[in-house]
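Each of the next two complexes has subunit A plus one more chain, namely subunit B in the first and subunit C in the second.
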Partner chain A sequence: MIAAKNTSWLAGIPAGWKFGTLLAVSISLYLISSWQVLLALLILSAATLASARVDFKQLRMPLLTLVVILGVVLILLGVQTGWLNAAISVLRLLAMCLFAYSVSLTTSFDAMLELFQNVASPLRVLGANPAQIALALSMAIRFIPELKRVYLEVREAQHARGLGNNPLAVSVPLVIRSLKIADETAEALDARGYDSAPAPRNQR
Partner chain B sequence: MSTTTAPSQTRNTVYVAVFAAMIAAMGLVPPITLGVIPVPITLQTLGVMLAGAMLGPWRGALASLIVVVLSVAGLPLLAGGRGGLGVLLGPTGGYLVGWFFGSLVIGALFKYWVIRLQSKPLQLVAGLVSTILGGIVVIYLFGVPWTAVVTGLDLKTSLVGSFAFLPGDLLKAVVATLVALTVHRSYRGLLK
Partner chain C sequence: MKLPQIRLENVTVRYDDRDVLTNLTLSLDEQRIGIIGANGAGKSTLSRLLNGLVLPTSGTVRVGELTTAKHSKQIRRDVGFVFQNPANQIIMPLVAEDIAFGLKNLGLGKQERQFRVAETLSQLNIMHLAERESHTLSGGEQQMVALAAVIAMQPRTIVFDEPTTMLDLKNRLAFQREIARLDQRAIVVTHDLEILEDFDRVLVVTDGGIRFDGAPDQAIAHYRQWSHA
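Let's look at the complex of A and B:
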């Protein structure tokens, strides 16, 4: 769920503000137990999402999953503790998720990642290295298509041997090839003198 | 990770990134339907178990954490193409939080216990205990109460509900143990 060129009013607000507001709204949603207020908030959340002018194709699967889970919750809670209680829980969750979608779909991935890095920056005191974190995140993104390709290749190869559905026959080569890719990449980085060690004296 | 013979920091970072990508890839590829059991399972939590078992506690836990961070930031990496802030706030968010600690526990047990055992059958039993403890008990320990708090269901119902995933997760624990032990035999020194 990424904001793909979103131009709504929400896209202009800094990610930090949206995230902070979402956090505050989520907490207050748990403090509210009147179904009328929650229903009003749900309508507000739906209106927010609608005003964000998002691509609803992106939302179809997540919403479907959410509705299924909430349906189960509604029935279980309804039978156990009464239907009013169940309705309150479901309204609250639905409102919260719609607000969360509104934030996610109007914030670019870069902005979100930058926000996380800012939030995590106090970890520097504990010895975490921001350069290393940034390298790990960007490299992970870069490797996802490659690992997906490897996974599909391995599965196809094992399928040809009649082992396509054998999780062991697929996982062992996948893990070994992942390790090989990691070794090769690390060697390539070392050979090019890439140094992400934290000590400043390494810079010449 | 600060021993003198340990691999360089860059190498550690690359391992973490590649395994994070592997966990993500396992969620992106359409699930495998197991021959006997007609339940489609995605291999994503298998990836979480493998990251810990292959890389040890810290690198494994960080690999899982990266997948969660990237998904929450908006990439549709979780099984079924889910992502965004909603996945963490929603009813199943606790399981995602549990991934980090699950990999951490599996990694620690593999590094300091399983790998050091001498006999193969013992390793197998210890590995299975580790993956079940970290990959199921620890992850459910976060997931079950989270679902209860978020939905208002009581703990017992939430726990019973999680049992639907238990057969698949047990199977993944078995697979993760077998894979990890097989690969460690040919790839020595990963957990030094």
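Let's look at the complex of A and C:
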């Protein structure tokens, strides 16, 4: 899920403050063991998300998935460690996820990448290039759906040729097409003026 | 807009001991130039020479006073490139951020980037795509976004490598209209001969050389004749 243009009060807060607060809140949640306080924080997290003017159609699937996963966690922990402990863990995780959604869905991807570059800037001492790592991250997110589409096309083609679910028959063309995409994308990066050398700080 | 002359001087490109282009010398001065020819004739290589994506094995490619061998980074700012498959050209997950990507590479500040993104989206009538996730775009929308990303960088020349190959008729016509509206010089490699009707000049490339160079109707007639032979 990527944040579309958001106009809520949360969108106006700098990304660094939001993610810093999220980190602090997440750590604090693990220090709290009272289910009543965690329930209150869960309500607060839901209210925060509700105030974030997020498109709830976009959130429906992730929330459903989250509820299913946490349902499994509740049952497993309930059987192993007792139902109160399980409820506390699930309240904690749910509150943390809702706070995280509130932050990530009100922060543009560009702002997240800039924050990442700033946080990772000490890595320059070790010879790493945070801008390149940030670009790799963004491209991974960008191209996951593209690779999924290629995978489905290849599988469809193999089915049409009667090869069924043969992993080798799918993986070889998938790898070859992925390499072709990588090659074309590298060429596009060059054409669009991307310079792999670290950008001066004032240009970020 | 003053357009820089693009000049190829005795250019040869060789891959694996095979000459893809052989001893080409030509000047590109017109505003609308088409490049046609059979698959494997060297059209794409020729188009990639113009902004330094491919460097000549021998000879020189000049854009204004600069040569691609020495100044490819500067030249790429002035010669934009739209690829055949826009899906692989769109780098960022969101449309507006993708258009801003090239501007960031130019070193522009955030405000200037935002202004140019809005201006370009508006110019191409695709403001509604600004916040869309790139992978959810249709082929036609992707090609428009790829064009927007190049236009936003304000190059004086835009090279298109078979830009309409993956488009349906409606999107092809829309894209053709956008190319016609451009102030920039457009150099279009294509198999879509209709696009070229209003162009100033068309080059027919075969077997690594320019077989014909002239007005669109004559060039297309020559190409048809050659294809039937």
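Please note the rule applied: the second predicted complex is superposed on the first by the 154 of 204 C-alpha atoms of A that agree within 3 Å, B and C clash if a C-alpha of one lies under 4 Å from a C-alpha of the other, contacts with A are read in each partner's own complex, and residues count from 1 in each chain.
Following the convention adopted for this analysis, contacts are C-beta pairs under 8 Å (C-beta built on N, C-alpha and C of every residue); 3 or more make two chains touch, one makes a residue touch a chain.
Since we're looking at a predicted model, the values are computed, not measured.
Participant: Taking the superposition as given, does A:G193 touch the first partner, subunit B, the second, subunit C, both, or neither?
Facilitator: Touch status of A:G193: second partner only.
Participant: Decide which partner touches more residues of subunit A, taking subunit B and subunit C as the two options.
Facilitator: Counting contacted residues of subunit A, the larger count belongs to B.
Participant: Looking at the overlay, what does A:L152 touch: subunit B (first), subunit C (second), both, or neither?
Facilitator: A:L152 contacts subunit B only, not subunit C.
Participant: In the overlaid three-chain picture, which partner chain does A:L126 touch, first (subunit B) or second (subunit C), both, or neither?
Facilitator: A:L126 sits against neither subunit B nor subunit C.
Participant: For A:A160, select first, second, both or neither according to whether it touches subunit B, subunit C, the two together, or no partner.
Facilitator: The answer is neither, since A:A160 touches no partner chain.
Participant: So in the superposed three-chain picture, is A:L31 touching just subunit B, just subunit C, both, or none of them (first/second/both/neither)?
Facilitator: A:L31 contacts neither subunit B nor subunit C.
Participant: Mind working out whether A:T185 is in touch with subunit B, subunit C, both or neither, as first, second, both or neither?
Facilitator: Both partners.
Participant: Taking the superposition on A as described, I'd like to know which of subunit B and subunit C A:Q80 touches: first, second, both or neither.
Facilitator: first
Participant: With both complexes superposed on chain A, which partner does A:M139 reach: first (subunit B), second (subunit C), both or neither?
Facilitator: A:M139: touches subunit B and subunit C.
Participant: Touching subunit B and also subunit C: which subunit A residues?
Facilitator: 2, 109, 135, 139, 141-142, 146, 181, 185, 189-190, 194-195
Participant: Tell me, which parts of subunit A touch subunit B in their complex?
Facilitator: Per the stated touch rule, the residues are 1-3, 19, 22, 26, 61-62, 65-66, 69-70, 72-73, 76-77, 80-81, 85-86, 88-89, 93, 96-97, 100-101, 103-105, 107, 109, 112-113, 116, 129, 132, 135-137, 139-144, 146-148, 150-152, 155, 164-165, 167-168, 170-172, 174-176, 178-179, 181-183, 185-186, 189-190, 194-197.
Participant: Show which residues of subunit B lie in contact with subunit A when the two form their complex.
Facilitator: 7-11, 13-22, 24-26, 28-29, 32-35, 43, 46, 50, 54, 62, 66-67, 69-70, 72-77, 80-86, 89-92, 150-154, 157, 161, 171-172, 175-176, 178-180, 182-183, 186-187, 190
Participant: Touching residues of subunit C toward subunit A in the complex: what are they?
Facilitator: Answer in residue numbers: 51, 53, 73, 76-77, 80-81, 83, 85, 87-94, 96-97, 100-102, 104-107, 130-131, 133-135, 149-150, 153.
Participant: Taking the touch rule as given, give the residues of subunit A at its contact with subunit C in the complex, in rising order.
Facilitator: For subunit A paired with subunit C, touching residues are 2, 4-5, 108-110, 135, 138-139, 141-142, 145-146, 149, 181, 184-185, 187-195, 199-200, 203-204.
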